[in-house]
């Protein structure tokens, strides 16, 4: 039990391991140690509102701190994965700033910065979460949907998916994650720029070919089934090993090789001393499956 | 009024503009727009507990979001500014981790990381706060006290102060800020390393000579009087200008000149369009004192 | 009209929106807001001379400042896209330095540095240009040709193209851009190194497979037709959105995710306040096509 | 003679080695190889206009390319060194953007960015100039005056000087260099922030104590005399050595020690092969003064 | 002959150009200037021991300094390329640290750091070696095998290969190179994370599709034949050009475009003055094959 | 006992804890755990030869691995601390490269790079050594002498010292450390550049005033006495704490605050779990002096 240090954190991250306040995000432990987070505004095609972004962060931070959680799937309830921002409810805060005659331009800009910070931090919570996150994407994945999945670790899609980096079509440069992360997940910069500048639709095959997703499945059902399977496979591994792997890959992405070698060496000064190494070796000798304590 | 965007933030940073939950931190608007934050555990020489660190962050984040606040003073109530960590109450969380036989070394290390993150984030809140923070230091400023003041913008001291970067004397490398920031605030690296390796005491004159503080005063009374005077002077300036200045200095410290020139140019694309520039010019022409809206 | 700030710049970038001084570069507005830049030394297979590099920079800088220009195509007139450096005319400046007995080695080296700076700055002008640049490549794209296209945003090729990172075959490490940019545009480092070390030819299919280009077409005619189509599609979008997208992608490529999230947030403090956001929304509601002012 | 590579550059930097176009900047070779650049709008206290910034860049870039120039002094003609921006003429371009009703906020911001780029690039030309620049400062050095001197290599002042980082008093965060460079030239961050936030005046003694200047003299006459003396001393040294030293110090300031060791090692792969090393050794043996070719 | 500077290095890198001390690594000059390094513990599936890592570094450092060596192939003798760490002999040093009751946790961690440093430095020697390294991989390439090949320049495989980033299966985050380098060699981050988190096997086709290797061959024989052919092709090029290319690609991978353009410009200040440029041009004119001195 | 991991390292760093091979460096354990390294070519004013640099690295690396060593003093035997490079013996390797007609310029440059690497690595060994190094400087500290002391942690001087950053006087930009480190140890960049460009002498008072040293003493005897005293004070502290402090200060100097906070948090995940923390606390309670195991 990690109760000692967990209690310390109670006040900073009140864990939400079930449906979020508004119901826009649901959480379920689909399999032991595998949590399924669903965007749950199906009538609105799971478009984001500011509240929904705040709730997403609470959910993901909570799962990051939940010892039982070892891997996470994010999917969308209903007809779409996520069709972007809710142009009415999601943009209203920004529109209110535009219209607020009490604010001069400098102060409007500072207010916009506050909102952008909230939204960026919401999506970055997936990246910072120590547990791997698999985005399982079907049907529509537009605008903010892509901001969301590029902050996940693994991206799978069903054949029916339509992607679009939609932001230029609403008159703005995407500012909550896609443009900051996509080059680091995709291996063809020419293609990346084309789809960012044109906001054109593309499908599963193209996303796979250029590297935005790594697997496609013939149906959403199959997609979810396989996503759960991989999530369960990850959850069965040493969480010390898996979480150290995510931490290191995130670090390596943004630092030189020299710096990231130093980081993992420093990290493993303590993590190699965990019992997981011995458990793994012992189990291997006995031809048994190793089990590991939560982290 | 910034009510629109402020309300958005209500749930993420519940503002504390008076005495904190436990009473360990007090806040008072000493002068218009000038807030005075006091460490307030005088019987314990204002030593830190984990709760006190959490409360400090709530207070500073709250002032960061409070439009009326334009500058902040941090001082210590009673006999000392801050004598470090409360070895009993402040270390108990860490001791509990040490003693927790349910945790192997790898998991103990992860628990320690969580606690260090909370404390580092608490002190970093002073650095991230958009309003300038003046640390007004008297008597004892030891260990965590120095971690605290190196994350402030301006450091003043009274003649009676005793400083010590105390951590090596309790068997650890200082890990909550001093070693990360001191070289960037002080201009003599040889001196810095000597006082870090030896944990020896030093006084106001030495701190001034080597650059840890920028002014010394003959008494705590005088120190607070002058700190308030400077804080009030800052509070009377354009908050668009002052906060952009802090943002830029923080950015410049950690980036190349090339990158920070780009940052301030990008920042001022909006901030130059505020009314503060015109207000200032108009007032100058009229030989009047300009006034500015809050940010 | 942007006349105010444009006039300011008149002396620093005398705009060249038609054929360049020597005629080696031509410019034409093929479609409204879409400019077509052609390498135009067909008898020399569009090989570069030092003058041609200087002219290229003038042309691209000029289009960067031309409000009417919203996207750019770069292609090659005649039989080849670009067969590299003109070994006679293009290398003569360097040969003259080699032969100049008045210069010792240190000073020769400084003279070489000046020339390399001119050439690097020429190619970097495509990267720095706020308008997206599509390189449409046919037939030969050798040596400097690849330096050129890796500094463009989007790379398309016709089936007949032959690429070669030719520099090792003339006894030097490529020093004007290819080696600095290719890993950031291509997703297979093993392949990149092989073609850099061996200078071997490769064709359109291989370039597509490994990510140097993102589309191939069966003929140069088709290539240009589609390049114009995509350029026109980009030109019809909000230039505030498109140019902010390019600025952000360039920034993200060379910075950590954390830093680039901060950049785009700071950039959009002003850019979100443009009318393009409202124009886009209004047009969407009316099911009309939005139009946008130039930038 | 470096005529070969110099001619190449003729079109990019038309050298101005005498009075600039408007007369606002004068240049004189006061001593052999020592050039004296004067701000020359004495009736306006040498306040900057946009044209003057452009002319400064032309002058400094020209001296950077002039082989005979080996060190540079910058001083102010008349009563002041530089009293900042000319609020009428210097701000008019910005005011025109504010007032231009044809521009929405996003486009105003982009126009401001263009102007800030011109001004930043002007001051950065001192930093990029391969020849050392000594700023010799008397009387008023306010606002833009400090932006100017922080981009110089060496700062001397006469006793009568008054400094002020004035920008917050005109409602803006300094955006053309001071905030980006001052922490890297001064060794007391607390003092730096105080003078940046308060815009208060400070004199020569304080500037020396905290590190903004390195020497003070009792009169402007003495200041100029000694500045020339140091400039002449530098001009007598090997220009290969001096310019390599400046290049390396600039690089080291903005990079890690590991990276800058690599840089200087790479730089000296060619520069150690110059004749200056042998010339110096030979002269030392003969107890003569070595002479060196220009660079 | 480079005898002057080579002798200097004799004491720091005692060259091993044949079988290493224990025989675990063999070296042979298969073709002129092409060296073949074999992992040679076939009965142990070429699994690594600490000694073998030390020997690998001696071998690679030696070839880096050997003028005759211009390209290197690394392959595995016998049934496997490399099946990872020798769990008995390779882990014993770490197990001994675990069991050493004289060491507290802090000191155990420091001892682990020493061992990790030795192993990381061993693999990094391939990256730092100025000569290109081709990894020719067959059969098993597990765990440390992948750490090894990601530090090579070029990766080829035979169809029979099985890869696995195995470390999570032994309870640890891979800490000797794979996680630090794989994102920089592969263009699909989603796939990378999946195979890192799951430790699942994958074959040649998948490795090629996602970019871990760049060519696959139907047999090990064919693999080695073609690897030698490419190595020979590289060895026939100017070593000044080839080694400058590797140096630049390594630099570019870990720096911004701006910084790496500066690096290659500085590097070529001397390298362009080599005779290889003239040799290449002369040979081209004569339609002969150029020959080059060793480096 | 650390014998397990120490033995592993035996082959990579054969420890030299007494006089070095040539006798040019001597080592003595002056006080328990305090090692005194002396430059010992008094008849040559301790000027460096290439062999002496190699020996210095062996000595310092050896002390870094020697568990008994907890702090190091570096001083000079005889009349001078260090008068720079031995122009005859120390430059001969470089002169030989100059004169070697078998080498073209490109290959000479590569040979120079090898030598510079050896020398830089020698001096960097002081920085990388986990034990604090105090440079105790008397009489002459010229050229390479300053390269040496800027890579130490603490710099003390006797009143009689003469410093000079001498390199420009021998026709080269200092390339073995001074220019890369001096700005990070000194807080007045204007002064730094003046003494680098002019190679002028300066004394103890000036070095103290501008921050190159942190203490001056009236005689060399007093200097050594006090250096030993401080070294002994450091040696009595927890080596886990002291060495973690050095590691963190080195890291912080070259990274952003954000990155270095992450580093120290990761480092202390294991180091806080050492017994030194408890030992320190227990001793404090008992009012005894804590003792600590070696590292």
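Letters A, B, C, D, E and F name the chains as they come in the text, with residue numbers starting at 1 for each one.
Keep this in mind: a residue touches a chain if its C-beta (ideal position, glycine included) is under 8 Å from a C-beta of that chain, and two chains touch if they have at least 3 such contacts.
This is a predicted model, so every value here is computed, not measured.
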> Fewest touch steps from chain B to chain C?
Replying inline: 1
> Chains shared as neighbours by chain C and chain F?
Replying inline: A, B, D, E
>> If I list every residue number at the interface of chain B and chain F, are over half of them used by both copies, so same, or under half, so different?
In response: different
>> Taking the mean of the CA coordinates per chain, how far is chain B from chain E in Å?
In response: 48
> How many angstrom between the C-alpha centroids of chain F and chain D?
Replying inline: 34
> What residues in chain E touch two or more of the other chains?
Replying inline: 105, 108-110, 112, 184, 186-188, 211, 240, 253, 255, 258, 266-267, 269-274, 276
>> Going by the touch definition at the top, which pairs of chains touch each other?
In response: A-B, A-C, A-E, A-F, B-C, B-D, B-F, C-D, C-E, D-E, D-F, E-F
> Okay, in this complex, where on chain C does chain B touch?
Replying inline: 255, 259, 263, 266-267, 269-271, 273
> Can you list the chain A residues touching chain B in their complex?
Replying inline: 1-2, 4-5, 8-9, 11-12, 50, 54, 93, 96-97, 100, 102-112, 114-115, 118, 240, 270-276, 293, 295
> In their shared complex, at which residues does chain D touch chain B?
Replying inline: 87, 91, 94, 98, 105, 108-110, 112-113, 116-117, 120, 124, 127, 167-175, 177, 179-181, 183-184, 186-194, 196-200, 210-211, 253-255
> Contact residues on chain E for chain C in the complex?
Replying inline: 132, 153-156, 184-188, 211-214, 230, 233-234, 237-238, 240-249, 252-253, 256-258, 260-261, 264-274, 276-281, 284, 290, 292
